[in-house]
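Everything below concerns the one structure shown next.
By written order: A, B, C, D, E and F. Residues from 1 in each chain.
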């Protein structure tokens, strides 16, 4: 942790002891969420720019055709990547994905995949040929809680993704044959533990101060969880995180819509 | 730039102010060019060893068969790589291509490709099967102006390249079915700017001293240009570089021949 | 070489001058060899855990199907890799194979390949489809002479490898159609030169002290040799290494069996 | 988690391998199995075979990574190529990188890293045979290996998973249950404190099912903890006799 | 540059999108769009969407790369995977490496690097949507972001391309013109000095056509320069009011 | 080594290229062929064309690799993409890495590395055309290049291979013999000492055949040694005249 992190950690820890957050939020609230769908609509069949407070991420969907996995010959394929672009933080470097970006991508992926959010059974084109859905999450400005920001952006982009036209063995770019079939809308909710307090949607400064975090992705049930950080949670705290996730998930889900 | 570079820079800058070059050349002349075709004739269907002053490069052509690009199903494929071998300079390191070698390869490639030097339309073997022409430029001794040396070596090697025999789905190595069809002979010409002076074909020491360089690849028209370095050119200087490129291109083209 | 190496080198060099080894072995003996076949039998069709003194290696065989090499269209394929896992030595690092692990894998591979130990001609499944045999040597604890330990483990694993069932274009994991056909049992024997002495099967400490080593892999003839280290051997020494290799090879071969 | 309803995983109230819903697979633990490593452990857990070697605290290179306030704990989880049916290409994949990260964070919660500033403690986890639950087995073994190396810890870490198969919450999934079940929930705890240091989940669980699964996994962890302590007692009388595992509160 | 004669790019003296031969696409510029970066800018240029973030001057690691006479200016040009029709695999390809190099050289011509020895100025260019001319848009935005970061420069860099379609020299090619035209000539200038700092070309141009294309691109750069100054005026009154952009002669 | 019995490699007691069993291919050697390198050599050996450049002793980076007791000798053996029938992808493959290692060890046996602590001597071997026996040609040329660079050595290294074709032990295999023969045995020696510093073998040899092959390779090395000395005499009178190649005993 750089010097800045140490200083912010002290500042936040003291604030939280007084039941306060730096932006005057309640402990169980997300920052303001701005959703801008179809941000790169001239090239990507689906995309969404999300601002979660000052955190900015852009999720773009690419669609290709290819072979299914041999153990699921009738199902389309999804793949999720996260790039922590170096413009987003002085700490991020150019280069291949590191453990941080891999964890973010995999947690977001699990929420979407395990909920069955994409109806992959409808993505069979013909024998041994299926649609492949790439979710690329581009982190542009890092002010904390990249999992929630990225997960919301990815899900909103998917909700608005069109399937390209496919003729004579080729994708016709810019023309579409329908919408990507979506079954449900899983939303991740991350709670940070600072001292004995639980804070939903930690900002970057709060991340410097947190002992541990717990992400819970929910639809009407739980679909994915991921604990992070070197601290620990007791059972009561974990259930509080789960309950917050259901509540916040419902609120955020209502903000997302198809065009 | 290492210490050597700083010293040479001063030396050359002063020399140029007196309208002189270290090897007594005129400003608009290339160094002596020695061309040795079919240098590795027992293995490569085409090759050329070029000495440009003390700079030494070896271009080798490899021929393979493969699929065409989907947007040009009837055209052969060409691919150009440059390797700055570590024996060529104390500054070069083993390892994957860096920005310097990639730039050299891409500028040489553009000259050849954009002029249509290789008649790729004649490289269709059968449906969905074409000849692939690899141009590998091996830099062995670096005394400046690798783009011109590499571009001349590549073009001379191509002019003398034979197409292998292809029978029953296999290349018969060492047997040939004809010559690689060549349409025209683009030649790159690089001019360095030192102070207010323009010098064709900079040596390594002149490269230490140059503010900027401009490469112009010509046939009877311009096919590629690339400005390099952190300095700038005005319009008049650019036109002078263009004119020098036409003139030097014509001279050098006459030196190249097929066997 | 780390400090430890320098200290051990002196200690061993002095010991050897007195015709002694640290573990009281004779100069022409291998350490105690423990062979545990089918160590990972629930997943790998063949495997063998070998202890050579305190050195521990685990060889695992994986079987896949694929295309043959175009110059040997009727032969199965073998491929050997060695991983110097970082748990095995403070000197080993995570990451791609380095020159040390590549050398070990290639020397072991040559012994097996050149002897024709695997009957690759019997590995044709159907036209253009053959069995591919992967030999992966996992080094877990490094107390010297990884070539011999790895070579013995690989050969013993191969001797006990089953061929999977192959039906309808798929491998049926966990079911087998027979044994991997084995022609002969090449065994590598490594001799270290310390001063004027030759010591079979050097321990790690003896490797610190050795000037050079010579590995000879034998069946009833010589199939592979590899000299290592910066020292040199005269003809007499080399012949002594060869003779030791035949003798030790015969002894070790008797220890290996099929189940 | 395919939740493939066609595959029968429960028959007559028993699981495919005859286990009850709250029953762990057979487990064998051993320490000091390696010569070179500072500490080591071997765990056999059902068909899983896991070996762990620990080095350090040792100097950390390159220097700019050094933390003057504490040691770094670095973990590498690695699947051997032959440990799975379909050969795994050597080298870390995305799954391994994630497991290495969460394992390292879990271990960092108990190792007294602040005692060894500027150094690194390296934990190398090798999965020699894999049959579901390898991260729990690896973490359990890593904890033993750290104790075997004499590295001061506040407590051991004990790890176990729960899951759901055919609608039934059960403990410690084996391979078929992992492939065709509806949920996997690996967990690790600091037993003395009763708190969770690793928690991952993927699949489908209602809030109530999660509470059940949590309890099963937690109880599983406590059984593992007993085995860990017994293993250390048995094999390392001297170490434990001297009060080896430090009490951190 | 395929120069494919079958594709109609000019109709009734107008280009496919209705533009005149010397007309730029619609352009939108904004600065200070990012929180964390020291300076940032966003440029929309036709369908191109480009974001730039600048960090530094900051310490350069590893140390042996440091130059005691000046700062290094390091540029990364990156195409987002979803910015093009056919998904681009993440990571630098040869084209990106070349563009990063020439962009970095162009910017180095105006940034007062000698003021910050041993440091690095990092310029990160993200192409979020690509439709021909991205290097010109990226360079234009990078120049704004450097000004936004308050890094002393002798002048801005303004960039624009020209090209040839169906035998006609035109300014600022869009995607179809780039794909089926006969030549592309990206350029960047130091407007006050009137000199060229980036010049690349591929295709087919006679000497005379080159002179025409040069003029079109140059004039395009000057229009971009006006937009850049207006953007900085509008959005950063305070910065410009204090004389922010330094005069280098 | 396929040992393919169908291919005729010996006819009327002569080899395919007319050579006797103990006859080397035509060999040409030259030194000081490069401008920038501290020392260099070119060897043509049959159809093999090999160029070597040497740099150093020079400072070794990163510093933690430095050995305060001696210089490191680092060798890179590289096959040019066009040096073989089927284009070789650029970059080191496993074969090249192994050859670089054994070559570096062989050269280290004679170079007086202890005179230049903390430095590195770099030997770059480029195979421009390959036709079997490239490692011997490379090592032979490397030895000349080191002498050309004036780096103190106890002796030159001379290298040559032997092998077996159609049951007959012969010296210096060319490509067809290497492809279809039964054994290849590359060797390198310190001629003055008469000891072996490189020895590899793959194929099938009885103990007696090995003794024969050893003798052929050894004698081949001695012929190479004569050519090396002649080359250095001829081309570097001045160097040799001053007693250049040091006598190490």
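Simple rule for what comes next: a residue touches a chain if its C-beta (ideal position, glycine included) is under 8 Å from a C-beta of that chain, and two chains touch if they have at least 3 such contacts.
In this text, all values refer to a predicted model and were calculated from it rather than measured experimentally.
Asks: So which chains are sitting against subunit C and subunit D at once?
Replies: Common contact partners of subunit C and subunit D, which must touch each of the two, are absent.
Asks: In contact with subunit B and with subunit C at once: which chains are those? Just list them.
Replies: Intersection of subunit B and subunit C contact lists gives F.
Asks: Using direct touches as single steps, what is the fewest number of steps from subunit C over to subunit F?
Replies: 1
Asks: Matching residue numbers in more than half of the contact pairs is the bar here; say which of C-F, B-F or B-E clears it relative to C-D.
Replies: Matching pair: B-F.
Asks: Farthest from subunit B by Cα centre, which chain is it? Let me know.
Replies: D
Asks: Among the chains, which one keeps its Cα centre farthest from the Cα centre of subunit C?
Replies: Farthest from subunit C by mean C-alpha position: E.
Asks: Could you grab the centroid distance between subunit E and subunit F? Build each centroid from C-alpha atoms only and quote it in angstrom.
Replies: The answer is 52 Å.
Asks: With chain centres defined as C-alpha means, what is the inter-centre distance between subunit A and subunit D in Å?
Replies: Roughly 27 Å, centre to centre.
Asks: Return the distance between the CA-based centres of subunit A and subunit F, expressed in whole Å.
Replies: Going by mean C-alpha positions, subunit A sits 58 Å from subunit F.
Asks: Centroid of subunit A to centroid of subunit B, CA atoms only: how many Å?
Replies: Distance between chain centres: 48 Å.
Asks: Out of subunit A, which residues touch more than one other chain, so two or more?
Replies: In subunit A, the residues touching two or more other chains are 97.
Asks: Please report the chains around the ring in sequence, anchored at subunit A, with subunit D in second place.
Replies: One full turn from subunit A through subunit D gives A, D, C, F, B, E.
Asks: Can you check the complex and tell me which residues of subunit A touch subunit E?
Replies: Within the complex, subunit A contacts subunit E at residues 39-40, 42-44, 47, 54, 56, 58, 60-62, 64, 81, 83, 85-90, 94, 96-97, 134, 136, 138, 140-143, 173-174.
Asks: Within their complex, state which residues of subunit D touch subunit A.
Replies: 1, 94-95, 97-98, 100-102, 105, 108-109, 185, 189-190, 193-207, 210-211, 214, 218
Asks: For the complex, give me every residue of subunit C touching subunit F.
Replies: 97, 99-100, 102-103, 105-106, 110, 113-115, 214, 221-235, 238-239, 242-243, 246
Asks: What residues of subunit E sit close enough to touch subunit A in their complex?
Replies: 34-37, 40, 47, 49, 51-53, 55, 58, 76, 78, 80-87, 90-92, 122, 124, 126, 128-131
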